[in-house]
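Data block below; observations after.
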Amino acid sequence: MGELQLMKGNEAIAEAAIRAGCDAYFGYPITPQSEVLEYLMSEKAYERTGMVVLQAESELAAINMVYGAASTGKRVMTSSSSPGISLKQEGISYMAGAELPCLIVNVVRGGPGLGTIQPSQADYFQSTKGGGHGDYRLLVLAPASVQEMSDFVKLAFDLAFKYRNPALILSDGVIGQMMEKVELFEQQPRATTFDQSWVTTGKTPNRERNIITSLNLDPVLQEQHNHHLQEKYERMKAEVRFERYHCDDAEYLMVAYGSSARICQKAVLLAREKGIRVGLLRPITLYPFPSEPLLELSKQVKGILSVEMSAGQMIEDVRLAVHDTVKVEHYGRYGGVIHSPEEVLDAFMKKIVGG
Amino acid sequence: MGELQLMKGNEAIAEAAIRAGCDAYFGYPITPQSEVLEYLMSEKAYERTGMVVLQAESELAAINMVYGAASTGKRVMTSSSSPGISLKQEGISYMAGAELPCLIVNVVRGGPGLGTIQPSQADYFQSTKGGGHGDYRLLVLAPASVQEMSDFVKLAFDLAFKYRNPALILSDGVIGQMMEKVELFEQQPRATTFDQSWVTTGKTPNRERNIITSLNLDPVLQEQHNHHLQEKYERMKAEVRFERYHCDDAEYLMVAYGSSARICQKAVLLAREKGIRVGLLRPITLYPFPSEPLLELSKQVKGILSVEMSAGQMIEDVRLAVHDTVKVEHYGRYGGVIHSPEEVLDAFMKKIVGG
Amino acid sequence: MDIKDIIKPENLVYKRTPLLTSNTLSYCPGCGHGTTHRVIMEVIEEMGIQADTIGIAPVGCSVLAYDFMDIDMVQAAHGRAPAVATGIKRTWPEKFVFSYQGDGDLAAIGTSETIHCCNRGESIVIIFINNGIYGMTGGQMAPTTLVGMKSSTSPYGRDVAFMGNPLKITELVAQLPGTCFVTRQAVHTPAAVRKTKKAVRMAFENQKANKGLSFIEVVSNCNSGWKMTPVAANKWMEENMFPFYPLGDMKVDGRIVSKELLSLAGVKTE
Amino acid sequence: MDIKDIIKPENLVYKRTPLLTSNTLSYCPGCGHGTTHRVIMEVIEEMGIQADTIGIAPVGCSVLAYDFMDIDMVQAAHGRAPAVATGIKRTWPEKFVFSYQGDGDLAAIGTSETIHCCNRGESIVIIFINNGIYGMTGGQMAPTTLVGMKSSTSPYGRDVAFMGNPLKITELVAQLPGTCFVTRQAVHTPAAVRKTKKAVRMAFENQKANKGLSFIEVVSNCNSGWKMTPVAANKWMEENMFPFYPLGDMKVDGRIVSKELLSLAGVKTE
Amino acid sequence: MAKMKGAIVVDMERCKGCELCVGSCPTDVIRMAGEVNGKGYHFAYMEYPDNCTGCTNCAVVCPDGVITVYRVKED
Amino acid sequence: MAKMKGAIVVDMERCKGCELCVGSCPTDVIRMAGEVNGKGYHFAYMEYPDNCTGCTNCAVVCPDGVITVYRVKED
Amino acid sequence: MNEEIIIAGFGGQGVLSMGKILAYSGIMQNMEVSWMPSYGPEMRGGTANVTVILSDERVSSPVLNTYDTAIILNQQSLDKFEDKVKPGGLLLYDSNGITRHPIRKDINIQLVEAATESARMGSTRTFNMIVLGAYLKTKPIVALENVLKGLKKSLPSRHHHLMTLNEEAIKRGMDIVKPFHP
Amino acid sequence: MNEEIIIAGFGGQGVLSMGKILAYSGIMQNMEVSWMPSYGPEMRGGTANVTVILSDERVSSPVLNTYDTAIILNQQSLDKFEDKVKPGGLLLYDSNGITRHPIRKDINIQLVEAATESARMGSTRTFNMIVLGAYLKTKPIVALENVLKGLKKSLPSRHHHLMTLNEEAIKRGMDIVKPFHP
């Protein structure tokens, strides 16, 4: 068993980045995730592993520093919260277009606009459908515990490099700010070997020059490039991850991710205390979305409640997954308010069981 | 009949802005929409109506200038193309949050990243689901002709003010760059009367101070504000607009908007020449999406082809609208390539009729 | 003479301006934001321009400025206040428009908007609170953080080689043709407050006369971020901030008046 | 002597550097982008650092620089090249990193990245092509467009009151402590080209010695955007651009060497 | 010569106890109370009221603007 | 004294006819051809080859880098 | 009536404005029209082409794959568009700079030596008007008077003195156009 | 075992670190734990509260509506949380600054004069440890030795010399806690 620590989710991200051999972090402060940069600085990540840590002048600068470092094959990351992530959309679209691996962490807060600094899950569409321009997809991971905040850093880097695609950890103020027990993985070496064929580290005589670009003035070539991307996104579907919680005998289903899934777990238990056999499907990857397991489960249940801290975004993917063969409703508090297990149960009784 | 002109779509936008009594335009050049600003300058909009026209230092500055002017109740607009629109996402989320009316024009080009400057429709998700953070919606209008580029400027302003919400014209390089006959509406006065109750034009003794903000540190208030927004988005559904083309006797349906709808019109004619009764539903508002008329139509047809110059984005709204009761497929060239009517027909035969 | 005989309406010589609302300021005890708010509101009161003034609040501790200033206000996205102000001023040239911004807001994320707004010479007033730190988000390093100064993201002190130099943005904007009046002031003593008020008055008078952009930096403490008492923070500020950010006018009526303008930190002149 | 006797390998005194690829430059006839590309590639060839150099292409006419320079290159988002360069240089401090940017890219949308990258003193080289216009998008006004100069978005000439002042960003970055070498050059005559090449060499040598950021502005024609022949454009440039953008070194080895640095347009010194 | 006599009124409940007024008073009038107000702050008060000249320094420097100053000419 | 004799080779097909080389030649060697190349440009050529000193000015200033210069010492 | 035209050549040959005049002429005759250029980064010597549709009915797709008429002004465009003329359609070209002439037998091919002729007329500016004349002679779908009206509308007023020259050029084009048989 | 605790008071009273020590103590006993603070813009004198859960099973929701135990350190928190203690649950409070005492009869209410006591001990720093002691006395769900281990883990090493003082404070809290009957 690895080292046990009590940590905030944000700190776990930072510690995991150091241990995963992350080469560089570029970021700009914003609540509720400023601890990531603060931890890297106070823990002297730059001394522990030689990792580059730089406070950028803005989120725009940060994502473009990430773009630069990623162009050279480095394991590089940034983190921010909702408004800051909106500012990064052009850069994210560029990275997707140029097929650069990297890790982006969004510790979501309530929007729109300046909103609140309290937890929210209202950036689902932005993360999974592409808040930037053009047809592209990110690998989106949704941790539901501090342990996963740590583990998914490593996983995200692995997937990002496997597919040469930006990966995004979609967390929120609850997971970012809460402390839990976390088993830290072993320190990994920074200088990992990786595919050097495409990186821009200086053209040596034994190869052609490498170019990182997302530009194709010729639309035919750009279309080919887009086909290549789409084909990759199709392949990425193999990475689907999810967790089934009390699903085997479920007559009803909840679908929830991240902190909302934690709350739903409790709601499931409360329901079962009442003798109602509810299960919970927790998507761990939001893109690719676990549509098939959901479709499977939909055949056994009488109704599905999609529970998000938003006005209802993931519900569209749930409905698309189950082909509207079973009733699907949304429930969620939002704008920074966190629903309680009791509220979820209440909504579930009204919208699914009763209705 | 109004004045007849032969104009580019981008020029029609600019001329319509002048005639609609638009108070201010702030923008930054980008192909394929630079003619909007160029036209306003060469036509001396600032002399014709006193309209403010300013080339901003960036898209970020432009959208925030719009935010400022809109805070005072002015009819104000900006225009850009895909990468520039991505940069505006934070600002757009702010405007939605602060409930500021304004007009944003996106003349879409092929993405992701720098992509091409050729036409595309791959910013559908960004426009309709919210590329910025938080739960918000824009009023999204999709012109399919130069005439509509002109008419929708006025319409967009009217709707934006009616709902105190940003409106977006989602066009593309085809409609922006093509010339057609356009009947220009009459010059309207600039100084329109409008609801002064919320604008920040200086606190006079007879009222409380007005504040434009999207911040609510208290999550409960922020949730209330979000409920208010959601309720407004619900009301906005009354504005649904669409065009039925040869739908009455249709056995099959195409769904397409903007320039793709133009191409599909031709494809419909080609299909009908072959004796296949195809209709076309053209969403004019993309948000609100014409789900109900589509559901109605779905009952009469054997299959639906959603045709977009993208890898398939609107198809999700089509599928959600028809509750997966009828086969729905996507077709579209993308990355800057424009499908031809023949290609659409081909795909239609293979995916819908043949398949 | 009894106190009761003194405390009478006819003897009143100073009271809080009614242009500050009755809301309790959300700032930490001793924070210069409150003082600066008051100074601005006093000038607006004295000039009688409440009905013609629109203020822009930034993102930073003063994000809630609109809760305290009894004028119409617009809350701008982080760093974009100069753009927001431009949008308003261009469409309402006869109004008084000012932005109120922190150092993170104005000199980090908003650098571009600051430089270009000043360079265009928008006829507005910018009030710039330089407290060398990001107050609101819990004390991270700002572009203006001094060399060696500790913050939550420079916990061992700002190291130039690693984190870059502190930025004297006021010296830069003083050199742009669009600015008319550029000065650096403070609000930690009665005399400093009075000078700042004069500067604010001059700035608004400039706007009235349409002379170009007026830019007032106020060097201020962030005692919470610096982890000091307010009194100690002001002392530290005098001893450490003022030598690097010297107080005084840099540009008046479009003319550079500061001899030292060239001697920016680390730049040696020949 | 017959020409054939001269044209022999052993008599070769000048040929296109092999570090330019065989692709035909996409630039308009007479455009300074091509010349500047060549100068940079010659320096890299002469220093033997091809294998250690990474270039950043901007968005602008030189977006395709990577088609012409036979080195590893990264195409950056509009205005963000200095941030991209920072990301690379910080993770590969032993490599040579340079960005190549137009005036729209560097001085409009990218102002913030430019200022902060210079202020941090990243050990990189920035090559800045100032042609007073947005070439690629069809000749719109740039931050550097001269007063009265026509462009597609200032069709009746740049009017300061309406469109703001031209921005001398090079003068600003010269004053930041992070820059080591700041100069303004041109490439319109053989002598100018040779001086530019010396400057580029010095910049890369600075980078080798880790002395800080080197910033080279190249005033260049955009004959298409200016709607002139290349020859006329260069003449116009000498007569109109150079007086406002005077050539020469501003800062060498971290010391300001230009006496006029204070006399920015419109700023009167006392 | 006419001497100035002053007095200040501190809005106790709004005083945040920052002590900036204390040091700004040229005649050392102000001290911080031992008790705290509803928000938990020790508040400022006139410990030596006789010394007050009504110079307004304290009010001018008070970040929360909670001091009101009165002044009369004492013959 | 040793005189320099030079010659230039213009890559005709890549010359874009900008004429910058013409003005840069101290000995007025270069002129533009009447014909056009495949891209439709009038290209540069040595009209007065005898004057060429191989000073490289033309090549140095050519934006497209299409001039190669040779030089010999003529005794 | 539904005429779908592609005009293709170098930038600078007046391809776009010729299309514009045609479109304007159509409007003068109460037709529905559309004009759709290829667009790209402004670089000299690039190719330029424009699709013009004149129709009695509302124009559906402004972007086409095949054309009733192709007006071709350089080799590159000939290579690209010859195949895209509908059987029975028209291909009008200027042979200046053409090294490989059209070969199709199922279409009507017309030749106009507009480059040579405009040089002869002493103004290269007339080039596209000569081509236009040649087209109108072959397919008189718009009346000359409407073309002149369209021309006037599309010319900035400072160029109105060129009207006569342009009219002359159109007529020259009408005169010199001749069939080409591969 | 599943103990759901809210600790609420002013910023600066050591609310968050008390929660952290409890959580650490749980870990020392191989429990599952979660610690969830309310967070907001850092402003002095604001309220602070933290939800701590100690459980033998995996913790589901870290955010709760009702609690087994409420540890209340100012009036505002009492007003907010008294109602949220589960019937039969525990409410532990310090009466310093309290103007309206708890009124519920269906819960166990304990009083600890920690503020007064810590002043007496001459170090306001011991305040939260006295409260912790009072809690542990009432609900000994974690062993004192594990609390001390947890305390040591959560203290930066430069503060380890304070261990004895803190232990003493915990014990004082155990001694002085007493039931309150409304």
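A, B, C, D, E, F, G and H label the chains in the order they appear, each numbered from 1.
We adopt the following convention: a contact is a pair of C-beta atoms (placed from the backbone, for glycine too) under 8 Å apart; a residue touches a chain by one contact, two chains touch by 3 or more.
The structure displayed is predicted, hence computed values, not measured ones.
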{"item": "Given chain A and chain D, the chains that contact each of them", "value": "B, C"}
{"item": "Target chain F, source chain C, minimum contact steps", "value": "2"}
{"item": "Pair of chains with maximal C-beta contact number", "value": "A-B"}
{"item": "Distance between chain centroids, defined by C-alpha means - chain A, chain B (Å)", "value": "29"}
{"item": "Chain A and chain C: spacing of chain centres that average the CA atoms, whole Å", "value": "39"}
{"item": "Length of the line joining the C-alpha centres of chain B and chain F, rounded to whole Å", "value": "55"}
{"item": "Junction residues of chain E - those touching two or more other chains", "value": "41"}
{"item": "Multi-chain contact sites of chain B, meaning residues that touch two or more partners", "value": "31, 54, 57-58, 60, 83, 90, 94, 98, 113-114, 117, 213-215, 217"}
{"item": "Residues of chain D engaged with two or more neighbouring chains", "value": "27-29, 63, 75, 77, 108-109, 111-112, 116, 137-138, 143, 163"}
{"item": "Chain D contact footprint on chain C (complex, rising order)", "value": "108-112, 115-116, 119-121, 143, 160, 163-165, 167, 171-172, 175-178, 251, 254-257, 261-262, 264-270"}
{"item": "Touch list for chain E against partner chain C, complex", "value": "5-7, 9, 14, 16-20, 22-24, 41, 46, 49, 54, 56-72, 74"}
{"item": "Chain B contact footprint on chain D (complex, rising order)", "value": "59, 63, 75, 77-79, 104, 108-109, 111, 134, 137-138, 140-141, 143, 152-156, 162-163"}
{"item": "Chain D contact footprint on chain A (complex, rising order)", "value": "23-24, 26, 52, 54, 56-58, 60-62, 64-72, 74, 76, 90-91, 94, 98, 199-205, 209-215, 217"}
{"item": "For the chain C and chain B complex, residues of the former touching the latter", "value": "50-54, 56-57, 63-64, 66, 69-77, 80, 83-88, 90-92, 95, 112-113, 116"}
